[in-house]
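Note that subunit A is present in both complexes that follow, paired respectively with subunit B and with subunit C.
On to the complex of A and B.
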(Lines of atoms letter the chains of each structure in order from A and count residues from 1; the text may use other names and numbers.)
(Lines give C-alpha, C1' and ligand atoms only; values in the text may rest on other atoms or scores of the structure.)
Protein backbone atom coordinates (compact mmCIF):
# COMPACT_ATOMS: atom_id res chain seq x y z
CA UNK A 1 0.00 0.00 0.00
CA UNK A 2 1.51 3.31 -1.09
CA UNK A 3 1.59 6.49 0.94
CA UNK A 4 -0.92 8.11 -1.38
CA UNK A 5 -3.34 5.24 -0.99
CA UNK A 6 -2.95 5.44 2.80
CA UNK A 7 -3.50 9.21 2.73
CA UNK A 8 -6.66 8.88 0.65
CA UNK A 9 -7.96 5.96 2.67
CA UNK A 10 -7.48 7.94 5.88
CA UNK A 11 -9.26 11.03 4.51
CA UNK A 12 -12.17 8.94 3.24
CA UNK A 13 -12.56 7.03 6.49
CA UNK A 14 -12.07 9.83 9.02
CA UNK A 15 -14.33 12.44 7.37
CA UNK A 16 -18.08 11.89 7.04
CA UNK A 17 -18.29 13.69 3.70
CA UNK A 18 -15.25 14.22 1.49
CA UNK A 19 -15.11 15.71 -1.98
CA UNK A 20 -12.00 15.19 -4.09
CA UNK A 21 -12.16 18.08 -6.53
CA UNK A 22 -10.28 20.46 -8.79
CA UNK A 23 -9.85 23.68 -6.85
CA UNK A 24 -11.40 24.41 -3.48
CA UNK A 25 -15.03 24.69 -2.34
CA UNK A 26 -14.50 28.49 -2.36
CA UNK A 27 -12.82 28.49 -5.79
CA UNK A 28 -13.66 25.44 -7.89
CA UNK A 29 -11.37 25.22 -10.93
CA UNK A 30 -13.62 22.99 -13.03
CA UNK A 31 -17.31 23.16 -13.86
CA UNK A 32 -18.00 19.60 -12.79
CA UNK A 33 -16.38 20.10 -9.38
CA UNK A 34 -18.28 23.38 -9.10
CA UNK A 35 -21.62 21.66 -9.67
CA UNK A 36 -21.07 19.22 -6.81
CA UNK A 37 -19.94 22.07 -4.54
CA UNK A 38 -23.15 23.96 -5.38
CA UNK A 39 -25.30 20.96 -4.53
CA UNK A 40 -23.53 20.30 -1.21
CA UNK A 41 -23.65 23.99 -0.27
CA UNK A 42 -27.31 24.21 -1.23
CA UNK A 43 -28.06 21.32 1.10
CA UNK A 44 -25.87 22.85 3.82
CA UNK A 45 -23.90 19.62 4.10
CA UNK A 46 -20.65 19.91 6.07
CA UNK A 47 -17.84 18.43 3.98
CA UNK A 48 -14.13 18.48 3.42
CA UNK A 49 -12.83 19.49 0.00
CA UNK A 50 -9.51 18.09 -1.16
CA UNK A 51 -7.90 19.90 -4.07
CA UNK A 52 -6.29 17.29 -6.32
CA UNK A 53 -4.57 20.01 -8.36
CA UNK A 54 -2.23 20.58 -5.42
CA UNK A 55 -0.78 17.09 -5.63
CA UNK A 56 -0.38 15.09 -8.82
CA UNK A 57 -0.04 11.85 -6.88
CA UNK A 58 -3.44 12.40 -5.24
CA UNK A 59 -4.95 13.35 -8.60
CA UNK A 60 -3.92 9.99 -10.03
CA UNK A 61 -4.23 8.13 -6.73
CA UNK A 62 -7.90 8.88 -6.24
CA UNK A 63 -8.68 7.48 -9.70
CA UNK A 64 -6.90 4.26 -8.80
CA UNK A 65 -8.50 4.16 -5.35
CA UNK A 66 -12.05 4.07 -6.67
CA UNK A 67 -11.44 2.68 -10.18
CA UNK A 68 -13.08 5.85 -11.45
CA UNK A 69 -11.46 7.90 -14.21
CA UNK A 70 -12.71 11.38 -13.44
CA UNK A 71 -12.81 14.07 -10.77
CA UNK A 72 -14.84 15.19 -8.76
CA UNK A 73 -15.48 12.17 -6.54
CA UNK A 74 -17.79 12.25 -3.53
CA UNK A 75 -17.39 9.96 -0.53
CA UNK A 76 -19.85 9.60 2.35
CA UNK A 77 -18.92 7.62 5.46
CA UNK A 78 -16.17 5.82 3.60
CA UNK A 79 -18.33 4.91 0.62
CA UNK A 80 -17.76 6.16 -2.93
CA UNK A 81 -21.03 7.77 -4.06
CA UNK A 82 -20.08 8.87 -7.55
CA UNK A 83 -18.96 11.72 -9.75
CA UNK A 84 -20.78 14.81 -10.94
CA UNK A 85 -23.41 13.00 -13.05
CA UNK A 86 -24.46 10.59 -10.31
CA UNK A 87 -24.51 13.26 -7.59
CA UNK A 88 -26.62 15.55 -9.77
CA UNK A 89 -29.01 12.74 -10.70
CA UNK A 90 -29.38 11.74 -7.03
CA UNK A 91 -29.90 15.37 -6.00
CA UNK A 92 -32.57 15.99 -8.62
CA UNK A 93 -34.51 12.89 -7.63
CA UNK A 94 -34.22 13.70 -3.91
CA UNK A 95 -32.30 10.48 -3.37
CA UNK A 96 -29.15 12.28 -2.23
CA UNK A 97 -31.00 14.16 0.50
CA UNK A 98 -32.60 11.00 1.92
CA UNK A 99 -29.34 9.04 1.58
CA UNK A 100 -27.42 11.66 3.57
CA UNK A 101 -30.12 11.80 6.24
CA UNK A 102 -30.04 8.02 6.57
CA UNK A 103 -26.28 8.22 7.10
CA UNK A 104 -26.79 10.77 9.88
CA UNK A 105 -25.44 13.71 7.88
CA UNK A 106 -27.32 16.96 8.59
CA UNK A 107 -29.16 18.21 5.50
CA UNK A 108 -30.89 21.54 5.28
CA UNK A 109 -34.18 21.32 3.46
CA UNK A 110 -34.51 24.65 1.66
CA UNK A 111 -37.91 26.26 1.97
CA UNK A 112 -39.96 26.27 -1.15
CA UNK A 113 -40.95 29.51 -2.81
CA UNK B 1 -7.74 15.73 -28.70
CA UNK B 2 -11.30 14.99 -29.53
CA UNK B 3 -13.37 11.95 -30.27
CA UNK B 4 -16.04 11.27 -32.82
CA UNK B 5 -19.51 10.49 -31.44
CA UNK B 6 -19.70 7.39 -33.63
CA UNK B 7 -16.40 6.16 -32.19
CA UNK B 8 -17.75 6.51 -28.65
CA UNK B 9 -20.90 4.63 -29.57
CA UNK B 10 -18.95 1.83 -31.27
CA UNK B 11 -16.66 1.39 -28.26
CA UNK B 12 -19.60 1.14 -25.89
CA UNK B 13 -21.48 -1.27 -28.14
CA UNK B 14 -18.42 -3.46 -28.63
CA UNK B 15 -18.33 -3.94 -24.87
CA UNK B 16 -22.07 -3.92 -24.20
CA UNK B 17 -23.64 -5.36 -27.38
CA UNK B 18 -27.18 -5.29 -25.96
CA UNK B 19 -27.01 -1.60 -25.10
CA UNK B 20 -29.02 1.22 -26.58
CA UNK B 21 -26.67 4.17 -26.89
CA UNK B 22 -27.59 7.76 -27.54
CA UNK B 23 -24.84 10.36 -27.85
CA UNK B 24 -25.28 14.11 -28.03
CA UNK B 25 -22.51 16.53 -28.89
CA UNK B 26 -23.21 19.26 -26.36
CA UNK B 27 -20.91 21.99 -27.58
CA UNK B 28 -20.33 20.98 -31.20
CA UNK B 29 -16.60 20.79 -30.49
CA UNK B 30 -16.22 17.00 -30.46
CA UNK B 31 -15.10 17.23 -26.85
CA UNK B 32 -18.22 17.62 -24.71
CA UNK B 33 -20.73 14.85 -25.02
CA UNK B 34 -23.72 13.52 -23.17
CA UNK B 35 -24.42 9.81 -23.44
CA UNK B 36 -27.44 7.80 -22.38
CA UNK B 37 -26.77 4.09 -22.19
CA UNK B 38 -29.60 1.63 -21.55
CA UNK B 39 -28.59 -1.99 -21.14
CA UNK B 40 -30.15 -5.12 -19.62
CA UNK B 41 -26.69 -5.95 -18.23
CA UNK B 42 -27.05 -2.99 -15.84
CA UNK B 43 -29.83 -4.77 -14.01
CA UNK B 44 -29.10 -5.18 -10.32
CA UNK B 45 -25.97 -3.01 -10.57
CA UNK B 46 -25.43 0.22 -8.66
CA UNK B 47 -25.05 3.47 -10.57
CA UNK B 48 -21.34 3.49 -9.83
CA UNK B 49 -21.00 -0.05 -11.23
CA UNK B 50 -23.04 0.87 -14.32
CA UNK B 51 -20.84 3.87 -15.04
CA UNK B 52 -17.72 1.80 -14.43
CA UNK B 53 -18.91 -0.67 -17.08
CA UNK B 54 -19.21 2.16 -19.61
CA UNK B 55 -15.84 3.59 -18.61
CA UNK B 56 -14.32 0.12 -19.05
CA UNK B 57 -15.77 0.04 -22.57
CA UNK B 58 -14.04 3.34 -23.31
CA UNK B 59 -10.72 1.71 -22.43
CA UNK B 60 -9.07 4.53 -20.56
CA UNK B 61 -10.17 7.31 -22.90
CA UNK B 62 -12.47 8.81 -20.29
CA UNK B 63 -10.62 11.61 -18.55
CA UNK B 64 -8.06 11.52 -21.35
CA UNK B 65 -9.00 11.85 -25.03
CA UNK B 66 -12.55 12.23 -23.86
CA UNK B 67 -12.64 15.17 -21.50
CA UNK B 68 -16.32 15.51 -20.85
CA UNK B 69 -18.90 12.80 -21.18
CA UNK B 70 -22.00 13.37 -19.08
CA UNK B 71 -23.29 9.89 -18.49
CA UNK B 72 -26.76 8.59 -17.73
CA UNK B 73 -27.20 4.84 -17.38
CA UNK B 74 -30.17 2.62 -16.68
CA UNK B 75 -31.51 -0.86 -17.13
CA UNK B 76 -34.51 -0.99 -19.47
CA UNK B 77 -38.00 -0.85 -17.95
CA UNK B 78 -39.83 -4.10 -18.19
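On to the complex of A and C.
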Protein backbone atom coordinates (compact mmCIF):
# COMPACT_ATOMS: atom_id res chain seq x y z
CA UNK A 1 0.00 0.00 0.00
CA UNK A 2 1.46 3.33 -1.05
CA UNK A 3 1.60 6.43 1.11
CA UNK A 4 -0.99 8.13 -1.07
CA UNK A 5 -3.39 5.25 -0.71
CA UNK A 6 -2.88 5.31 3.07
CA UNK A 7 -3.46 9.09 3.15
CA UNK A 8 -6.68 8.82 1.16
CA UNK A 9 -7.87 5.82 3.12
CA UNK A 10 -7.33 7.69 6.37
CA UNK A 11 -9.17 10.80 5.17
CA UNK A 12 -12.09 8.75 3.93
CA UNK A 13 -12.37 6.71 7.11
CA UNK A 14 -11.84 9.42 9.71
CA UNK A 15 -14.14 12.07 8.21
CA UNK A 16 -17.88 11.47 7.93
CA UNK A 17 -18.20 13.38 4.66
CA UNK A 18 -15.22 14.02 2.38
CA UNK A 19 -15.20 15.65 -1.04
CA UNK A 20 -12.13 15.22 -3.23
CA UNK A 21 -12.37 18.21 -5.53
CA UNK A 22 -10.55 20.74 -7.67
CA UNK A 23 -10.10 23.89 -5.63
CA UNK A 24 -11.59 24.45 -2.21
CA UNK A 25 -15.20 24.64 -0.98
CA UNK A 26 -14.70 28.43 -0.84
CA UNK A 27 -13.11 28.60 -4.32
CA UNK A 28 -13.97 25.63 -6.52
CA UNK A 29 -11.76 25.53 -9.62
CA UNK A 30 -14.05 23.34 -11.71
CA UNK A 31 -17.75 23.53 -12.50
CA UNK A 32 -18.38 19.90 -11.56
CA UNK A 33 -16.70 20.27 -8.18
CA UNK A 34 -18.59 23.52 -7.71
CA UNK A 35 -21.94 21.82 -8.26
CA UNK A 36 -21.29 19.28 -5.51
CA UNK A 37 -20.13 22.05 -3.15
CA UNK A 38 -23.34 23.96 -3.84
CA UNK A 39 -25.47 20.92 -3.04
CA UNK A 40 -23.63 20.11 0.19
CA UNK A 41 -23.71 23.76 1.29
CA UNK A 42 -27.40 24.04 0.42
CA UNK A 43 -28.10 21.06 2.67
CA UNK A 44 -25.85 22.45 5.40
CA UNK A 45 -23.84 19.24 5.47
CA UNK A 46 -20.53 19.46 7.34
CA UNK A 47 -17.78 18.09 5.11
CA UNK A 48 -14.08 18.21 4.46
CA UNK A 49 -12.91 19.34 1.04
CA UNK A 50 -9.60 18.02 -0.24
CA UNK A 51 -8.07 19.98 -3.11
CA UNK A 52 -6.49 17.48 -5.49
CA UNK A 53 -4.83 20.29 -7.43
CA UNK A 54 -2.44 20.76 -4.53
CA UNK A 55 -0.93 17.31 -4.92
CA UNK A 56 -0.57 15.44 -8.20
CA UNK A 57 -0.16 12.14 -6.37
CA UNK A 58 -3.54 12.60 -4.67
CA UNK A 59 -5.11 13.69 -7.96
CA UNK A 60 -4.09 10.40 -9.55
CA UNK A 61 -4.36 8.41 -6.32
CA UNK A 62 -8.02 9.16 -5.78
CA UNK A 63 -8.81 7.90 -9.28
CA UNK A 64 -7.08 4.62 -8.46
CA UNK A 65 -8.56 4.41 -4.97
CA UNK A 66 -12.12 3.87 -6.17
CA UNK A 67 -11.31 2.97 -9.78
CA UNK A 68 -13.19 6.10 -10.85
CA UNK A 69 -11.64 8.23 -13.62
CA UNK A 70 -12.97 11.67 -12.73
CA UNK A 71 -13.11 14.28 -9.98
CA UNK A 72 -15.06 15.29 -7.88
CA UNK A 73 -15.63 12.22 -5.72
CA UNK A 74 -17.86 12.21 -2.64
CA UNK A 75 -17.39 9.80 0.28
CA UNK A 76 -19.76 9.33 3.21
CA UNK A 77 -18.70 7.24 6.21
CA UNK A 78 -16.02 5.55 4.16
CA UNK A 79 -18.34 4.73 1.28
CA UNK A 80 -17.86 6.08 -2.25
CA UNK A 81 -21.10 7.79 -3.28
CA UNK A 82 -20.24 9.03 -6.77
CA UNK A 83 -19.26 12.03 -8.82
CA UNK A 84 -21.13 15.15 -9.84
CA UNK A 85 -23.86 13.47 -11.92
CA UNK A 86 -24.72 10.88 -9.28
CA UNK A 87 -24.72 13.38 -6.41
CA UNK A 88 -26.94 15.75 -8.41
CA UNK A 89 -29.38 12.99 -9.40
CA UNK A 90 -29.57 11.79 -5.79
CA UNK A 91 -30.11 15.35 -4.55
CA UNK A 92 -32.84 16.05 -7.08
CA UNK A 93 -34.72 12.87 -6.19
CA UNK A 94 -34.31 13.44 -2.44
CA UNK A 95 -32.26 10.25 -2.06
CA UNK A 96 -29.16 12.12 -0.98
CA UNK A 97 -30.98 13.81 1.88
CA UNK A 98 -32.48 10.56 3.19
CA UNK A 99 -29.21 8.68 2.69
CA UNK A 100 -27.27 11.25 4.73
CA UNK A 101 -29.90 11.25 7.47
CA UNK A 102 -29.76 7.46 7.67
CA UNK A 103 -26.00 7.70 8.09
CA UNK A 104 -26.45 10.14 10.96
CA UNK A 105 -25.20 13.15 9.04
CA UNK A 106 -27.10 16.34 9.91
CA UNK A 107 -29.04 17.70 6.95
CA UNK A 108 -30.79 21.02 6.93
CA UNK A 109 -34.09 20.73 5.13
CA UNK A 110 -34.63 24.07 3.46
CA UNK A 111 -38.09 25.54 3.84
CA UNK A 112 -40.28 25.17 0.82
CA UNK A 113 -41.09 28.43 -0.81
CA UNK B 1 -12.19 8.37 -35.99
CA UNK B 2 -12.94 11.38 -33.77
CA UNK B 3 -13.46 10.94 -30.08
CA UNK B 4 -17.20 11.51 -30.28
CA UNK B 5 -17.68 8.80 -32.90
CA UNK B 6 -15.40 6.44 -31.00
CA UNK B 7 -17.45 6.96 -27.83
CA UNK B 8 -20.70 6.31 -29.67
CA UNK B 9 -19.32 3.20 -31.40
CA UNK B 10 -17.97 1.66 -28.19
CA UNK B 11 -21.11 2.32 -26.16
CA UNK B 12 -23.26 0.96 -28.97
CA UNK B 13 -21.18 -2.20 -29.24
CA UNK B 14 -20.89 -2.69 -25.49
CA UNK B 15 -24.35 -1.79 -24.22
CA UNK B 16 -26.79 -2.10 -27.18
CA UNK B 17 -28.54 1.12 -26.17
CA UNK B 18 -32.14 1.88 -27.13
CA UNK B 19 -31.22 5.57 -26.89
CA UNK B 20 -27.82 7.20 -27.15
CA UNK B 21 -26.66 10.75 -27.58
CA UNK B 22 -23.05 11.88 -27.32
CA UNK B 23 -22.33 15.60 -27.14
CA UNK B 24 -18.93 17.26 -27.31
CA UNK B 25 -19.19 20.09 -24.79
CA UNK B 26 -15.51 20.99 -24.91
CA UNK B 27 -16.25 24.49 -26.23
CA UNK B 28 -18.18 25.28 -23.06
CA UNK B 29 -15.05 24.66 -21.01
CA UNK B 30 -12.52 26.79 -22.89
CA UNK B 31 -9.86 27.96 -20.47
CA UNK B 32 -10.92 25.53 -17.75
CA UNK B 33 -8.55 22.92 -16.42
CA UNK B 34 -8.32 19.97 -18.73
CA UNK B 35 -9.33 21.90 -21.83
CA UNK B 36 -6.84 21.88 -24.68
CA UNK B 37 -6.54 23.24 -28.19
CA UNK B 38 -8.58 21.09 -30.53
CA UNK B 39 -11.14 20.20 -27.90
CA UNK B 40 -12.35 16.61 -27.45
CA UNK B 41 -11.97 16.90 -23.69
CA UNK B 42 -15.48 17.30 -22.27
CA UNK B 43 -18.32 15.01 -23.32
CA UNK B 44 -21.88 14.34 -22.27
CA UNK B 45 -23.51 10.95 -22.76
CA UNK B 46 -27.21 10.29 -22.43
CA UNK B 47 -27.82 6.57 -22.71
CA UNK B 48 -30.68 4.14 -22.19
CA UNK B 49 -29.85 0.44 -22.20
CA UNK B 50 -31.45 -2.76 -20.96
CA UNK B 51 -27.99 -3.61 -19.57
CA UNK B 52 -28.58 -1.06 -16.79
CA UNK B 53 -31.68 -2.75 -15.39
CA UNK B 54 -31.19 -3.60 -11.74
CA UNK B 55 -27.83 -1.81 -11.56
CA UNK B 56 -26.97 1.01 -9.18
CA UNK B 57 -25.92 4.42 -10.44
CA UNK B 58 -22.28 3.70 -9.63
CA UNK B 59 -22.41 0.35 -11.44
CA UNK B 60 -23.92 2.00 -14.53
CA UNK B 61 -21.26 4.70 -14.60
CA UNK B 62 -18.55 2.08 -14.13
CA UNK B 63 -19.89 0.13 -17.13
CA UNK B 64 -19.70 3.27 -19.27
CA UNK B 65 -16.29 4.29 -17.92
CA UNK B 66 -14.85 0.83 -18.52
CA UNK B 67 -15.87 0.90 -22.19
CA UNK B 68 -14.24 4.32 -22.56
CA UNK B 69 -10.96 3.67 -20.76
CA UNK B 70 -9.02 4.31 -23.95
CA UNK B 71 -10.72 7.69 -24.43
CA UNK B 72 -9.81 8.73 -20.88
CA UNK B 73 -6.24 7.69 -21.64
CA UNK B 74 -6.34 9.74 -24.88
CA UNK B 75 -7.12 12.95 -23.05
CA UNK B 76 -10.85 12.92 -22.37
CA UNK B 77 -11.05 14.95 -19.21
CA UNK B 78 -14.70 15.01 -18.22
CA UNK B 79 -17.63 12.77 -18.98
CA UNK B 80 -21.12 13.65 -17.80
CA UNK B 81 -23.31 10.55 -17.84
CA UNK B 82 -27.05 10.06 -17.60
CA UNK B 83 -27.70 6.32 -17.67
CA UNK B 84 -31.19 4.85 -17.61
CA UNK B 85 -32.75 1.47 -18.10
CA UNK B 86 -35.78 1.39 -20.46
CA UNK B 87 -38.91 2.61 -18.68
CA UNK B 88 -37.11 4.78 -16.14
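Keep in mind that, in the parts below, the second predicted complex is superposed on the first by the 113 of 113 C-alpha atoms of A that agree within 3 Å, B and C clash if a C-alpha of one lies under 4 Å from a C-alpha of the other, contacts with A are read in each partner's own complex, and residues count from 1 in each chain.
By definition in this document, a contact is a pair of C-beta atoms (placed from the backbone, for glycine too) under 8 Å apart; a residue touches a chain by one contact, two chains touch by 3 or more.
Note that the structure is predicted; figures quoted are calculated from it, not measured.
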item	value
Which superposed partner A:94 touches (first subunit B, second subunit C, both, neither)	neither
Which of subunit B and subunit C A:70 touches, first, second, both or neither	both
Subunit B versus subunit C as contact partner of A:104, first or second or both or neither	neither
Comparing the two partners subunit B and subunit C, which touches a greater set of residues in subunit A	C
First (subunit B), second (subunit C), both or neither touched by A:22	second
Interface residues of subunit A shared between complexes with subunit B and subunit C	32, 67-70, 80-86, 89-90
Touching residues on subunit C, where the partner in the complex is subunit A	29, 32-33, 57-58, 61-62, 65, 69, 72, 78-82
In the complex with subunit A, residue positions of subunit B that touch it	47-48, 51-52, 55, 60, 62-64, 68, 70-72
Of subunit A, residues touching subunit C in the complex	22, 29-32, 53, 67-70, 80-86, 89-90
Subunit A - residues contacting subunit B, complex	32, 63, 67-70, 80-86, 89-90
